[in-house]
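Two complexes, one shared chain (subunit A), two partners (subunit B, subunit C).
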Partner chain A sequence: MKNKRHPGLFAIPYVLWIAFFVILPILLIVWYSFTNTNQHLTLQNYHTFFANGTFLRMSLNSFWYAFLITLATLLISYPAAYFLTKLKKQQFWLLLIILPTWINLLLKAYAFIGILGRQGLVNQFLQLFGLGPVNMLFTNFGFLLVATYIEIPFMILPIYNAIVAIDPALIQASEDLGASKWQTFRFVLWPLSRAGVESGIQAIFIPSLSLFMLTRLIGGNRVITLGTAIEEYFMTTMNWNMGATIGVILIVMMILVMLLTGNKPAHGRRMHHE
Partner chain B sequence: MNKHTWLGKIYLWLVLILLYLPIGYLIFYSFSSGRNMNHFKQFTWLHYQTLFQDNRLLAIFLQTILLALLSGLIATAIGTTGAVMIDRLQQKRQQKVFLALNNVLMVSPDVIIGASFLIFFTALGIQLNFGSVLISHVAFSIPIVVLMVLPKLKEMDHTLVDAASDLGASPRQIFSRILIPAMMPGIAAGFFMALTYSLDDFAVTFFVTGNGFTTLSVEIYSRARQGIDLEINALSTIIFLFVLVLVFIYYLLTTRRFKKNGKIGGVIK
Partner chain C sequence: MNIIELKHVTKRYDDGFVALHDINLALEPGKFYSLLGPSGSGKTTILRIIAGFTQPTAGEISFNGQDLTQTDAAKRPFNTVFQNYALFPHLNVFENVAFGLRLKQVKAKDVQAAVKAALHLVRLDHYDSREISALSGGQQQRVAIARAIVNQPQVLLLDESLSALDKRLRKEMQFELRAIQKKLGITFVFVTHDQEEALSMSDTIFVLNDGEVQQVGSPVDIYDEPVNDFVARFIGDSNILPGRMLGDFEVEFANRRFKCADAGMGMNEKVEIVLRPEDLTVVVPEQGKLVVRAQTQLFLGDHFEIKAVDTEQHEWLIRATNSVDLNEPLGLSFKPEDIHVMRLNESQAEFDARLEQYEGASEDEK
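And now, the complex of A and B:
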């Protein structure tokens, strides 16, 4: 059939989109990272990045925070996803878990300004036990807490999808053959649900490197992640070339993470939210 | 086994309470006559009155919805044709290349998308206003539409197309009578996802918007940076109700499919 072989004119907008909004922006950001403000080719930006301890420390920090957020999210979400598969009305429970993700991220972050404040909910609760007010707002801990909160549903969903696809007979067989609960988890459940864990990690680790509004609102306005640094250079310092350089480094890190966790695009998460 | 599920239920309830706590907290204090979110003073509708008299915020609310609908429609149209094109490619390798390119914006962090689009608009001399925001929202919503529509084309029985063309149908008739109906569930899910992407976006808009145009997310961000303002709490209540209605409609619309394959179409990301 003729029009089966020839994609045809109708797809022109889509192809243009790929050219102008997928390929061109990448080329532009790479080009900016290799030029200075006078548009002369230079390696100066990369030199600044790698010669200056602050940038390297910030990248390490950013990586470390993303790691902690991902780990905390995984520890909370895995049991939740597992227990979900044991319930009767699973779809309804899932809907309840997804629903908060549809509330604007900024509103949730804003709520934590109240919750974590010196006289907020958490400190009122601590005072019941005679514990003095703890400063949580505008600290790195506050940032980690809120980021973990935000990411939990995005970890539960892929893990749930992976566990629900496991044939229950395999778990039963493992138990019948005398495996302990831990052995069943370690050798049956975990390996079979690993794909879900990996896509969850992918959906959380990369955005965590770049969450800038949370560090601004909750983390106390300091530049502690790569995302904040990029925002700072683009919107405040107006040194786009340096900002583009940090962007390219973030892209490289992102590709590394994707190679490590397998190349399945995490459905539906352009972090959006961030 | 029974005790096991019981413990699991308690754990899940705790997770749910945690997830809803901040939202409940916001809504609770939207009725307080105080000025902060620490102590509930007296019940009042005051903040709702302020909200409904705040023409600027209401205009931003409407703009945000208009932007979502418009960008969703355009992205759905372009994404659907993209899916048809990818499906028609004969070589598996070509399909893979296009899919990889398609997914670039799905996995890119928002800051990168925002920063690179800002460079792009500046390089082309495009003004930063509603137009640049609309173009950006269309751009980052297209890939999810493609990913939602493509499986429907793969599931479709392609002999139908051959049969139709043997029976003399024009390419146009094939498109509107066979392809569109087959793709419809995917198109609907894609449109819905595009809506949520647009409504949810903060970072990209933050980068590519100028002085003349702002969305709810950007507005909330700049207000929240100035501290607590219970008008925002009142706004959260309205948005929560709005989302509840949307979810309910979506739930009703997908219930049939949902029973069949046991999954909530596009909702499960």
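And now, the complex of A and C:
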């Protein structure tokens, strides 16, 4: 009966896991970022990062692409999630949306190489209409398209869950009080589903900041983000200290994004009319 | 002039289920109406058709003579108090009540005044900045009413609005609803399955079953003169027995002849007799019009509910102020006008016509 008095015992495996695979690596990264290749404490890495325009441009680039991916995903997913809540066989359609996430990311990337390539499906289709081969692979557009495709399920699910939890009577109440469809969306549906949108944004924006495999396979290394830079430093130039510095900055950015999207909307605010 | 009229309204769902058959009803301004019926009777469907949330399959609905059938819910001059209130959880009390006014771009100062007045009417002054989740069921109910009436609707629609409250609060809200209706002087349409609620608040009750209006009338009419078996059983408790008319004002049931207040039926016509449990008086067997033996009795605080059986094995429900001895003969006494005679399959129109005819006749005799 000792267990009853020490329920903390059950947490031990997880605590060990967190300690060795989350906390320790983070401490290591931080340590590396403040040292040079000779293990001497230094701020040189951070100086390089902020003094050198290339790194700042890369950061902005990362932010910009993550923003575009998130925006595209949101614009597609919100209406889709809303539409899903109106369907009869919701579980079936949800399954179809979730299914692609079970497939390995690498496989999906290769599939897109096949689809978007010069001899790919899309170009074969375009040739039927006499349209010459269009270069889609290794372009910014191709990168955005594939990244959006991959992230969509992670946006649809939280939004769907948020919308499905809204009492349909609230929508009727809004109409009953004289609201147009747009007003109902703006003053009832959107504020009540915002939590879902926020977790969708977190689930997409943050990983998108550090995408590197897709930038290489689909973007053809034209799109350089912080993720690609980290990979470069660790795998190619073997400058782990600089790579760790970029990693720390990425972590700080992620924390900032979480703080920005994570705060609960203040309740009881008046409806905002501009 | 009727404020709302439903003409030949039918609602058939895609799966073939017919929720409403040819409903006709006319509502006058400034009255309290109840749509009363068991679940599945179509009462809520009627309310939703009036509100504009559901389109009738056939028929039309008009407001002050204007056809409203194709008008959006948002544009109808009615407001609804929903069953579970449907208050906006992301807005506080003030903003919930102000919702409709803000949509109409009413000036902030006027919104303030109107919301204050509405909250005052439902006795929720100083609750403006509360969160909805911090309110009790009864308070949420009041906010829902304030949110609807602040828009000054011509008709207020209430969908089982008291059913989520406990019994005491429900009683209290019944009085308040009636008071609010009187004060505002607008039409209330109240949907309920609770006959007591309908009887205590309404000017007129529509009793519904299987998508059809069974009877329309004042609470007293419906209670005292149910047109059929369904209404008699649904409104209050009743003893229903098969009987036979022996002529005008004379009926036979339980193998005896009784004087009654009904006429205008054929000789030897088979009928059903309704006797309300509270109209039966327990007397000594010699004075009783019927003799029964009590089998069980329940003490319910202000009265005893007694189940008894007569010599023909008919079961009788009796409401008495004093307890009785079980398994001893008891006399039952009742007045001729306590006997309500129902013809089999008589519609309300036929019933009204017959009532008029013989009531005229009996007055001539005097």
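Quick note on the criterion: the second predicted complex is superposed on the first by the 241 of 274 C-alpha atoms of A that agree within 3 Å, B and C clash if a C-alpha of one lies under 4 Å from a C-alpha of the other, contacts with A are read in each partner's own complex, and residues count from 1 in each chain.
The rule is simple: a residue touches a chain if its C-beta (ideal position, glycine included) is under 8 Å from a C-beta of that chain, and two chains touch if they have at least 3 such contacts.
Every value quoted in this text rests on a predicted model; they were computed, and no experiment measured them.
J.: May I ask you to decide whether A:192 touches subunit B, subunit C, both, or neither, giving the answer as first, second, both or neither?
T.: second
J.: Could you tell me if A:106 is touching subunit B, subunit C, both of them or neither one (first, second, both, neither)?
T.: first
J.: Just checking: does A:116 make contact with subunit B only, subunit C only, both, or neither of them? Give me first, second, both or neither.
T.: Once the two structures are laid over each other on A, A:116 reaches no partner at all.
J.: Name the contact category of A:32: first (subunit B only), second (subunit C only), both, or neither.
T.: first
J.: Is the number of subunit A residues in contact higher for subunit B or for subunit C?
T.: Result: the larger residue contact count on subunit A belongs to B.
J.: Pick one for A:242: touches subunit B only (first), subunit C only (second), both, or neither.
T.: Once the two structures are laid over each other on A, A:242 reaches no partner at all.
J.: Counting contacts the way the document defines them, which residues of subunit A are shared by the two interfaces, the one with subunit B and the one with subunit C?
T.: Of subunit A, residues 265, 267-271, 273 contact subunit B in one complex and subunit C in the other.
J.: Across the complex, what residues on subunit A touch subunit B?
T.: Its residues touching subunit B are 1, 3-5, 7-8, 10-11, 13-15, 17-18, 20-26, 28-29, 32, 76, 79-80, 82-84, 86-87, 91, 93-100, 102-115, 117, 119-121, 124, 149, 152-154, 156-157, 161, 202, 206-207, 209-210, 212-213, 216-217, 227, 230-231, 234-235, 240, 243-244, 247, 250-251, 254, 258, 265-274.
J.: Provide the residue numbers of subunit A that touch subunit C in the complex, in ascending order.
T.: 167, 169-170, 172-180, 183, 187-188, 191-192, 265, 267-271, 273
J.: How about subunit B: which of its residues touch subunit A in the complex?
T.: Listed in rising order, the residues are 4-5, 8-9, 11-12, 15-16, 18-23, 25-26, 29, 36-39, 77-79, 81-82, 84-85, 88-90, 98, 101-120, 123, 139-140, 142, 144, 147, 161-162, 165, 171, 193, 196-197, 199-203, 206-207, 216-217, 220-221, 224-225, 227-228, 232, 235-236, 239-240, 243-244, 246-247, 251, 258, 262-264, 266-269.
J.: For the complex, give me every residue of subunit C touching subunit A.
T.: 51-53, 72-75, 78-80, 82-84, 86-92, 94-95, 98-100, 102-105, 129, 131, 147-148, 151
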